[in-house]
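Per-chain numbering from 1; labels A, B and C assigned in written order.
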Amino acid sequence: MEQLLENTADGTAAAVDLEVSDLNAWYGESHVLHGMNLTVRKGELVTLMGRNGAGKSTTLNCINGLMRKRKGRIQFRGTDILRMAPERIARMGIATCPEDRAIFSSLTVGENLHLPPLLNERGMSVEEIFDLFPNLRDRLGTASGAKLSGGEQQMLAIARILRTGADFLLLDEPTEGLAPIIIDQIAATLKILGERGYTVLLVEQNFRFAQSVADRHYMVDEGRIVDQFSNDLSDQMKQKIEKYLSL
Amino acid sequence: MDHLSIQLIAGQVLIGIINGSFYALLALGLAIIFGMLNIVNFMQGALYMLGAFMAYIVGEHLGIGYWGALIVCPILVGLFGIVLERVFFRAIYDIDPVYGLLLTFGLAIIIEGIFRIIFGSAGIPYSIPDSLRGGINLGFVFLPYYRGWVVLVSLVVCLGTWLAIEKTPIGARLRAATENPGAVRTFGINVPLMVTCTYGFGVALAGLAGVMAAPIYSVSPQMGTSILIVTFAVVVIGGLGSIVGAIVAGYGLGIIEGLTKVFFPEASSTVVFVAMAIILLLRPKGLFGRMA
Amino acid sequence: MMAMLSHTHRSDSRKLQMKLNLIAFAAMAGLLVIAPFAIYPLLVVQILCFALFACAFNLLMGFTGLLSFGHAMFYGWSAYIAGHVSKEYGATPELALLFGMATGAMLGLIVGALAIKRQGIYLAMITLAFAQMMFFLAVQMHAITGGEDGLQGIPRNRLFGLIDIDSTGRVYWFALGVFLLAFLAMWRIKRSPFGENLKAIRENEPRAISLGCNTARYKLAAFVLSAAFSGLAGSLKAISLQLATLTDVGWQISGEVILMTLVGGVGTIFGPVIGAVVVVGLEQMLLGFDDWIPVIYGSVFVLCVLFFRKGILGQIQHVFQKD
């Protein structure tokens, strides 16, 4: 398999999992992404940060194939996926946890958890998942996904994609609207995922959370990447970042 | 009440249950299709008619008989539906569902028109299979075996479909895709294929209803549209897109229609629509409706 | 620069549009005046009735975006009532038309009040179901409708009790007059503040609600108006062609009026008239091949929905707007 190599911040070479170049996207006539460029290496946790409406979710939806009208280049592990249907992209190992969490109200919690088909044997077992999210264990029999609290829904949304064996995760604002204690739990989960070699592209507006989990940050504004830096520098960049995130 | 009128009532209720069996099958197909495709399938009536004609053509002329037709015709109707879905529906999924109704209306009158050209408007007789001739006297009512068979098949198919959708993993995928098809696709599930298969299954139900109707009602090109319009009222009463609503309202309206025939025969053809008006006044979403 | 110019540009194009419409109206009226000398007048009368019906339908679908699949009940029942009062009570034509319009309006009010809460696809199914009920009632109520036979030989009484319209030539001018007046009235409605509000509702209902518009009321009013004008079309047909039958209340007519509007151009002023000409023209071309009519109609439906949703006039306007 052909794999692109690129130097990481600390000088070592790592395989590039995802390379997005000159990505443009439209909703009907309205042009919302104007030449996005970004790279995610294997095992990295990279964030997309920026204010509401900057184009972060749209970028994720271009990668997972849901966005219809898109142009440019998206390479995933050496394959061009720009024209692929979402279900094919998913079977290559890209899983999405969308901003609205997409918990299905007509499915029980158990059905929600078991909905995504397994892609390979490398996924987590249900036991491992319950170790990560103990609360879910008791809620398994709940008759409707809609009856869960926001935090539980978020955990379920992450849990169900960990079962499948997908190892490239697109997470869209997983901490939005959640209590600090649950945010900590999600941070801990992301650390474990990092140790296990998952690659994560995380959309965030919560800078402190992002700083606690990420390797690298991209700043998105008006459909473009306007800045990027390694997490080591994030303290020095704090003011700048806050400016990007403010309204 | 004297003995005779009890027999009369029981007889009409029985006829009502049989009509209700057809309403329920057709409404169930409409509900499943609407849930997945967001299209009210006006072809459901034409495909019911197609099923009945196929029973006649395949069963009588190819010599596979009623029992062969009962299996083969729904499959053929389903495949025909799948072809239509692949050829015509892609263009309209992203626009107002009203266009889906108009498109299927157009296709329905084409199908109906072609059959009228070939077979004329008069009905074609189709006989009850030998093994189901005769009947049994239950004391309060005489039950022809064939009619009992129809009710049985319809009940089994309706319940089976309901169970499959509510209780199986495939059903869970179907329900999920009805709620949020995009998210389901990002799990690697081929939703467009599911949509096509769902349409095929939904119209196969119409085909099955048609085959079963062939020996009871006269087989004619226009048999589909009139029952379809009643089915629309049934669907509005049950709640558009609700599986349970379609089944319950289907049988319920059949029975109400039967009872009306006893007590107020002039109103028997309109009572379904009156029931719809009442439901619209009291419960605009329908008995089991969730959607706005 | 575009933004600065756009305002004057828009009002300029509106004036131009108005001018074009007036020219089109004059052309249409002119054509209709000479038409009976070239074509059999009663055929043109049939076109006029259908055109009026399609314009009335367009009042609902085109201007409010609501699809009714049951307009035959207004058209057919008005035809019966107008025919009945002419036949049994010797009502003068203008009275018969009024009765017909009132029938349409009343039915429209009842059905509309029940159906208007539900949108889109639901409305279509509900109206279709109610229309079927009115069809069954028409079959049963012999005393008014004549049942299977329908009303035949409806008399053309004297207009206002004075003017004789009882000949093919005369009834043509009567029908033309009614059509042109009704056409102008509907055009006026579209351009009135009421019509503007309907347009606002169609384009963005949540916004219209937030601006304090009682959208349900407006929609119901549009529904009733559309039903009333459909009733006018039906009663005009009954008097001019002296016939009202079950065909006029059947679901096929509801489909046909949708087809005419769709072919001509939903939401355009003259589209439904063009659609009526096309549909009646198709019917004439297929004379002798009656069996093929449903197949052809169905095919036109499918083609329109798949490739041609703007209709003839909508497509022409689209091409011109691009320039």
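To be clear about the criterion, a residue touches a chain if its C-beta (ideal position, glycine included) is under 8 Å from a C-beta of that chain, and two chains touch if they have at least 3 such contacts.
Being a predicted model, the structure only gives us computed values, none of them experimental.
A.B. asks: Among all chains, whose Cα centre is located farthest from the one for chain B?
C.D. replies: Using the mean of the C-alpha atoms as each chain's centre, the farthest one from chain B is A.
A.B. asks: Most central chain by CA mean?
C.D. replies: Located nearest the centre of all protein C-alpha atoms is chain B.
A.B. asks: Would you mind telling me which chain pair, B-C or A-B, is linked by more contacting C-beta pairs?
C.D. replies: So, comparing the two chain pairs, more contacts are at B-C.
A.B. asks: Centre to centre, by mean C-alpha position, how many angstrom separate chain A and chain C?
C.D. replies: 54
A.B. asks: Mind checking the centre-to-centre distance between chain B and chain C? Centres are C-alpha means, answer in whole Å.
C.D. replies: 33
A.B. asks: Can you check how far apart chain A and chain B are, centre to centre, with Cα atoms defining each centre and the answer in Å?
C.D. replies: 44
A.B. asks: Inside the complex, what are the residues of chain B that reach chain A?
C.D. replies: By the definition above, chain B touches chain A via 169, 172-173, 175-176, 178-180, 182-192.
A.B. asks: What residues on chain B touch chain C, complex-wise?
C.D. replies: Those residues of chain B that touch chain C are 40, 88, 91-92, 95-103, 105-114, 116-117, 225-226, 229-230, 232-233, 235-236, 240, 266, 269-270, 272-274, 276-277, 280-281, 284, 292.
A.B. asks: Please name which positions on chain C make contact with chain B in the complex.
C.D. replies: 67, 69, 114-115, 117-122, 124-126, 128-130, 132-133, 136-137, 139-140, 251, 255, 258, 262, 291-295, 297-302, 304-306, 309
A.B. asks: Could you list, by residue number, the parts of chain A that touch chain B in their complex?
C.D. replies: Per the stated touch rule, the residues are 64-66, 85-87, 89-91, 95-96, 98, 102, 104-107, 111, 114-117, 119, 161, 164.
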